[in-house]
Structures are given as C-alpha cells and as structure tokens.
Amino acid sequence: MTAIAEIDATVVAEPAPAPAAAPEAEAPPRDILIICYSGELEKTWATMILATTGAAMGAKVRVFLTFWGLQTFVKDSKRITGTNVMQKMMSGMQRPGISHRKLSKMNFLGMGPWMMRKLAKQYNVASPKELLEVAQAMGVEFMPCQMTMDMFGLKREDMIDGLGEPVGAATVIALLQGGDAPLFI
Amino acid sequence: MTAIAEIDATVVAEPAPAPAAAPEAEAPPRDILIICYSGELEKTWATMILATTGAAMGAKVRVFLTFWGLQTFVKDSKRITGTNVMQKMMSGMQRPGISHRKLSKMNFLGMGPWMMRKLAKQYNVASPKELLEVAQAMGVEFMPCQMTMDMFGLKREDMIDGLGEPVGAATVIALLQGGDAPLFI
Amino acid sequence: MTAIAEIDATVVAEPAPAPAAAPEAEAPPRDILIICYSGELEKTWATMILATTGAAMGAKVRVFLTFWGLQTFVKDSKRITGTNVMQKMMSGMQRPGISHRKLSKMNFLGMGPWMMRKLAKQYNVASPKELLEVAQAMGVEFMPCQMTMDMFGLKREDMIDGLGEPVGAATVIALLQGGDAPLFI
C-alpha cells in the first residue's frame, strides 16, 4: 500500500464533517496557509497531516517555512550547514532534517520520539517524511523564508527538492489579507 | 457566586471592543475554531478563556483536541492510560487531566503552577477546570482527535463527559475552508 | 540608515507575492490580529517582522499582548514588577523587557540568543527592539491584556510608552468574528 493510498484511506475513513462546517453557499472555500515555525516532531506531524488532508480534500494549501520550521526541510543527509562559524555551530547543536525531529518534551535521550514513531507505525499513521512526500505529490506548496535562509546560512542545495522560491513576510501578509485561513504552528 | 456568573461578570466588565472590530454589516459573524494542541497550563487557560468569552458573546466555538491538548480532557482521576506498555509509559511520564497541567516554564517542582493558580484565584480568574464546566454549559463543542486517541490508546471512558464524537483532520480542514476563524494554541 | 528605511528596503526587496494571493476583487483586504502570547526571542521576532511588514503594506495590524507575551512590553529598565511577593518572585525568575528575551531552546547560558542577535545584525535584520519602534511609528496597535496585567501585578507605568488601553478576551473575540486574520504566536 503506497503512502498516498494510506492517506486517502485515512481521509475517507474519517467521520464526515458536521454540516455546520460546510462552506457558505456563496463564499468560495478558503485556501489554507500554514506558517511552519516550529521544528518539533509533533508539530511537524500536525503540519503534515493537515497539509495532506487539505490537499486530499481539494484545498489549496501553502506552507511557509520559517525559523526552526525551515530546519525540517534541510536534506536528512546534511549534518552541518551554514557558511560561518556561528551558523555551523547552531546547526551542529541541533541536527536539521525531517527524520531527526525531536519531541517538545519527554525526549529522554531519544526514547520519547522513538516510542512516538513506533506507536504511529502500529496505528498506521504515516511518518512525517512519508507525509511530506505525499504532500509534495499532491501539490502542497512549500515556501522557504528568505530571511531564515540568510540567517542560518542555508543554501538551495542544502534543502530538499521540490520547495518553491524563497519568499518573505510580504507574501504571508498578502495571503492573510486575501482571506487565507492561517495556522501558526 | 457561581462560575458562570463570574464569567459573565468578567465579560461585561471588559471595555467594549473598538468599533473597528465590529463585524462588517453584510458578513455574518464568523464561527471560532480553536485547535487545542498544547497541554500546558497557560495555554489551556488561554483556550478556556477565549472559548467561554466567545460563547458568552454568542459566537459558535468549536475546540479540536489533539496531541498533548487531548491529555487535558482525560478524567482527572485517571493516572495511567493506554492499552500497551508504551502508551502506559507515556501517560505515566506526564499525568493527564485538567487539574494536573504544568506551566511551559518556571515549574520549579510545582511551585510555578501553584503560584499562578493562587494569583488567579486572588484576582477572580476562574481555574481551567471551572472554565471547562462553564464552556460545556454554554455549548462550546469539544471534538477529540481520533488519531490522537488511537496513538495514545485513549478510550471514551478515559475522557471527561460531554465531549463530542472523535473526528479527524478532515473536519478541521472543512471548518477552515468554510471560513471559521482559526487559532492554533 | 534608519530602522524604518531598513524595513522598507526589506519589504521592497522581497519577491512579489504570487498572484493567487491577491485579495479577491470584491472582498476588502482583511485586518491582521496577532495574539502575542509567547515571550520567546524568536517568536517576538516573528511577531515584529509580520507586524511591521503588514503595516508597510498598508494593512491594519493589531497585536494583543497576553501571558508571557505581555512581559516583553515591560520597560527594559524594570527589574522586578508586581505588587505582592509572588508576583515579584515571578518577575524575578524571568526578567521582563524586549531586550531580555531568550530563545526557546539552545540558550546555553545566553550564547544562543547572543549568536542569533549577532547573525541578525550581520544580515541586516533589525532587532526586536528596533522593529517595535518601527511598528509603533507605523501605526501598529498594541493592546495589553487586562487580565494578564492584573495577575502579574503590572501597572501602566511598568509598560513601555505607546501601548493602547488594556482590553480583554471580548475584544479578541469581536475581531475574530469580524473577519480579522488571526495568528496565535
């Protein structure tokens, strides 16, 4: 069973949303804007589950990657990033990449994230990495924050494939003004 | 003085919102969707204050309970939850229930939360548990996340009374698309 | 180069938002409501960058200051705030003021925030304090939370100049119902 099939199955298996939740007849459904700010495992998961579910339901989903949230989208194979000593130290203190996310609490030298990933597998919840692949395949747009890339010395080749052009806060503001439903995660 | 009367008094005592904040004449007031993701004491408080104030003002408020936020809605009397060893360990490491929330910082072996609760009492701010009862009495809808229940091995009888049916991310997405004002807390 | 000029330069230098982000022809651009809940350095930065960028783009931006987020707007010169022993202890445990924000992680006895501030300077990102001055000059409205002021024993003279009248959750709810784009940071 592919990861996409799994997601579809999850979406389909869910109870239907309450009628009260249906978009108003006259208003078009809103696009969704996730500001992915945090680099924690659980929040990465929340972002990916909402993004893939949204895309599966036909919503336009954009994810703005900023601060710690951008670290998640560095290639898993990268160990040290940045062009100066401070940037290298910061990446060294906290390993980037989606497969190296830590829980916000209960890390216990890695036991917490390990248990969480194991429980997820047992209950057929896809990993953040699988969900990311699904999201990209389904057209979720990932927009890296230019300022964060500059501050951490991240280069395009440090990042996973398939991200959009780096953008800034002005893009976020325009989407907010235009009526996107925003989530700061 | 009952808890509900206290809330009403709080709401009434507040300065009126600025005129600029009034709903546009033609647009109906938006429903409010709180994604209650965090299990920390202060964030539980923020969720409950916004939910009860919204309900007191006639807004439709829905609260989606997910990840650590769902732990808050386990019965206070439950000590260990889950059906397998890992789930039991995770609940053991962090006691569930609304009366056992911790601050995100300054815990100092429980002194921080104790001081915060004492200050709140002194200034007539209702406790999260009181606010929860008020919210339920006022028709705030609490929707547990099915996936979180599965991952933590939580059963309906582990949870407090009055919660709605477990739902999934699709319900959240439909509400976002339909124009609810979302807060990820 | 003044701080305001720097912000303008930043905004102008950004790639233009995608056309899909443009406000719908018929709907007026939404106001932006930031609920500034967290007192961490990075989140203060995120709040200030979004607020100043929004204001530079002509958006009406309101920032509701609550819980730890309100501590950021205590005068930098204040060391201990509050009127009773517990309030004084809480301020003593965590120094208020925008120049004393700490990172959410990697503090390492202050080295993390120091490096972050240094990197920001190197890449011409204004400090939170500079951004705050710009935001105030540009008409961003800062609204302190009355309940938080009461609980922490904060008085108007403890706070920086230029804040609005303290308001409560009812103001936030009215703005949400009225269609503001909300960010809980």
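We just call them A, B and C in the order they show up, numbering each chain from 1.
Assume contacts are C-beta pairs under 8 Å (C-beta built on N, C-alpha and C of every residue); 3 or more make two chains touch, one makes a residue touch a chain.
These figures come from a predicted structure and were not determined experimentally.
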Is the contact between chain A and chain C built from the same residue numbers on each copy (over half shared) or from different ones (under half shared)? different
The C-alpha superposition of chain A onto chain B, two copies of one sequence, needs a rotation in degrees (nearest 5) of 120
Chain A-chain C separation of Cα centroids, rounded to whole Å: 24
Which residues does chain B have that touch at least 2 chains other than itself? 182, 184
The chain A residues in contact with chain B across the complex are 10-11, 13-18, 20-24, 27, 29-30, 32, 42-43, 45-46, 49-50, 53-54, 57, 59, 105-106, 108, 112, 115-116, 118-120, 123, 125, 181-185
Under the touch definition given earlier, write down the residues of chain A that touch chain C in their complex. 28, 31, 35, 37, 60, 66-68, 86-87, 89-90, 93-94, 146-147, 150-152, 165-180, 182, 184
